[in-house]
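Each of the two complexes below includes subunit A, the first together with subunit B, the second together with subunit C.
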Partner chain A sequence: MEHFGRIFEAAPVTLEVTATCFTVGALLGVVLVSGRRSRSWVVRSVSRVVIDVLRGIPPIVFLFIVFFGIGSGAITLSPFQAAVIGLGLISAAHLAEIYRGSLLAVNRGQFEASQALGLGRTTTYVRVIGPQAMRVAIPGMVTWAISLLKDSAIVSTIGVAEIMLVANQDARASGSSLTPFIIAALIYIALGTPLAFLSRYLERTLSLKR
Partner chain B sequence: MIALTPDRCNLMLRLEGVRKAFKDQVAVDDVSLDVEAGQVVAIIGPSGSGKSTLLRCINLLEIPDRGRITVEGQPTDAKGGVSTKELMKLRRKVGMVFQSFNLFPHMTVLRNISLPQERVLGRSRAQADARSMALLAQVGLTVKADSHPSQCSGGQQQRVAIARALALDPKIMLFDEPTSALDPELGLEVLAVMRQLADQGMTMIVVTHEIHFAADVADRLIVMADGRIIEQGDPKSVINNPQVDRTRTFLSAIRDR
Partner chain C sequence: MHTWIFEDWSGWLPRLLDGLLVSLQVTGLSLALGFSLGMVFALLSSSRSRLVRWPSVLLVEVGRGMPALVMLQLVYFGLPSASITLDTFPASVLALTLTTAAYTSEIIRAGLRAVPAGELEAADALGLSKADATRFVVIPQGLRIALPALMGFAILIFQISALAFSLGLPELLSQAYSIGAATFRYFDILLLAGLLYLAITIPASWLVGRLERRLARHL
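Here is the complex of A and B:
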């Protein structure tokens, strides 16, 4: 039981890492997808390269580059900061692709009607296309949040005191190497399952309204 | 006899040498056209004849490769691209109604009509809503103001789309097969609204397969094939006495079914 108490106390850190990375990713993803759909081909190409690179590097490798590579040079980053930058940027790339797909799902006629009415580009995206694309994007975004929650375990490798790091310490200190990890697994399941339900619920309600 | 001396003050739209190609497929081939204020022009022709593309060139949904479009004396040259400013200026004068209505599904009918007025003309919400309600009354849909498009029939959606375009006080209304996606009965209510609009003196260009509407309402009928105007004139005489073989085959195809 003392295993559980110790590990469970680290759950808020896991949630904090996940929520912060997701928020950073959700916002930067908008920037990246805007770049992807820019009228300038230079901006488009740069955005595509950034997205492909971020999605092509294994998260743990990127995390090490940020923390040990960049974060120990001229600027020093705390483990938490490095985690947010690393997983936040990777989330941005993935979410940008989810946004892009959902924008493609919006009927072409909606763009044409906006153009014909003389609406500006910003109004078109913010008022007409965005809200419709969001409906398509939300289930995918929640799915990404679930992956992120689980993948946040890798930030234990750079010393963020979340569930995995505490479970690992507990295993070494107590000499019992099965129980702490089983407990960690159960906590991840307990945190992730509501999100999975949310995802399915949103998928149902949002698709019905279309 | 049709008077062939164009009164320049009455000229609402002039197309000069408009050409549009997609890859190597020429959709609109060197089309010139004058439309006077208050005129209703119907365009018919087989699919792929370029009539929809021509219509979309008028409000620059398709940028022509060549040619000049003059709306109310304000010319836009296609050569060398069109600036956003020119686009906005031209589109402000031209309203368009699509085959697939293209209402915004996440907004109520009222918001659909009011939002563009607020954004494009800078009207206040109250001003815009007042205008929207007046137009909804005109198209007979006051009761649908707070409904979403999905709660309206196709015919109702198309009437809302007409109201939405009219709310911006366009000088010309373009209709791209406005009844083709509708059951015949629902199409009639849309045609009734268009007829009313024509009676009020709106300048209209209508791409359509509704030959009766063209005969009754249009002042001029244009027949297109292979990207060109092959025949035009008084609707009844074109329909009853076509001069070109291609027109004859097309007309018998839509009449004798």
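Here is the complex of A and C:
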């Protein structure tokens, strides 16, 4: 029981890492998807390479590059800062792909209608296409949040005191090492399951076909 | 002084390639075992008997709900207190096999469900038994539908294999990290390791995308 208390106390840190990285990713993802749909092919190609690299590299490797590679040189990063930069950028790339898919799901006629009304490119995206694409993107975004919640366990390797790190310490300190990991697993499941239901619910309510 | 970077890289590369080989071995073994186990779970989770279906669904949800890192550490650091002690390599393979099985069983189940009902009716009309219909009609078509998603997952498991670093398995990331610790050139060596991962994942996801478009033509 004392295992549970100690590990559970670390849950807010896991949630904080997840929420911060998700927010950073959701905002930067908009920048990346705008680049991906830019009229200049240079901007398009650069965005595409950035997205592919961030999605192709294992998150823990990228996290290490940020923390040990960059954060131990000229600039010093705290484990939390490195975690937010590392997982935030990876989230941005994944969310950019989710946004891109949802933009493609918006009917072409909406673009033509906006053009016929004389709306500018920015107005078209912000007022017409964006809101409709959001509807399609939201369930996917929640699914990404679930993955991120689980991926956030890797920030224990650079010393952020979240669920996994505390479970690990607990396993080393106490004789029984199985219990702390089972507790950690149960906490992750307990945190992720409501999100999974939310994703399924949103998918049903936001879908246009009914 | 910084020596010419590529000279260092060529000195480090053999060790990194050894690591990459271990990463690929763990990935390959876990995928082969995990896909098979995933198939079993997919069939059990589609069973009509509640007594069979529910435990299977529960196990799959637990496997999917916990981070792969927790699974790895549970198997390697946790099981010894239940007097099962595994070396780093078998422990990594076992943990990643279980994770693979949990995820792929859901992918396969979705594929099996996507097989048109008419196919089953036709099998029934031809007098095929339930088992034969599953074996010869549903599974081949269902797997084909699931194939792109399964291959996408294979790339993900290759990325996840880097987490075996935390058990001390001498795979690509561990090799890079220990070179970094010895030379303090973390940035260069980790970047090189990252490039090696990308050299596999980017062409692989390009191939999966192509396969997906190809298969979609005939559906």
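Operating definition for what follows: the second predicted complex is superposed on the first by the 207 of 210 C-alpha atoms of A that agree within 3 Å, B and C clash if a C-alpha of one lies under 4 Å from a C-alpha of the other, contacts with A are read in each partner's own complex, and residues count from 1 in each chain.
One rule holds for everything that comes next: contacts are C-beta pairs under 8 Å (C-beta built on N, C-alpha and C of every residue); 3 or more make two chains touch, one makes a residue touch a chain.
Computed from a prediction, not measured in an experiment: that's the story for all the values here.
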(message) Looking at A:Q132, would you say it contacts subunit B, subunit C, both, or neither? Reply first, second, both or neither.
(response) first
(request) Have a look at where A:G120 lands relative to subunit B and subunit C in the superposition and call it first, second, both or neither. (result) first
(message) One more residue to check, A:G175. First (subunit B), second (subunit C), both or neither?
(response) second
(request) For A:G109, decide between first (touching subunit B), second (touching subunit C), both and neither. (result) first
(message) Going by the contact rule stated at the top, is it subunit B or subunit C that touches a larger number of residues on subunit A?
(response) C
(request) May I ask you to decide whether A:A74 touches subunit B, subunit C, both, or neither, giving the answer as first, second, both or neither? (result) neither
(message) Contacts for A:P58 in the overlay, against subunit B (first) and subunit C (second): which applies, first, second, both or neither?
(response) second
(message) Give the list of subunit A residues in touch with subunit C in this complex.
(response) 52-53, 55-62, 64-65, 68-70, 72-73, 150-154, 156-157, 164, 167-168, 171, 175-178, 180-182, 184-185, 188-189, 192-193
(message) For the complex, give me every residue of subunit B touching subunit A.
(response) 59, 61, 88, 91-92, 94-96, 98, 100, 102-106, 115-116, 119-120, 150, 161, 164-165, 168
(message) For the complex, give me every residue of subunit A touching subunit B.
(response) 107, 109-110, 112-113, 115-120, 123, 127-128, 131-132, 135, 210
(request) Over in the complex, which subunit C residues touch subunit A? Could you list them? (result) 61-62, 65-71, 73-74, 77-82, 158-163, 165-166, 173, 176-177, 180, 186-188, 190-191, 193-194, 197-198, 201-202, 205
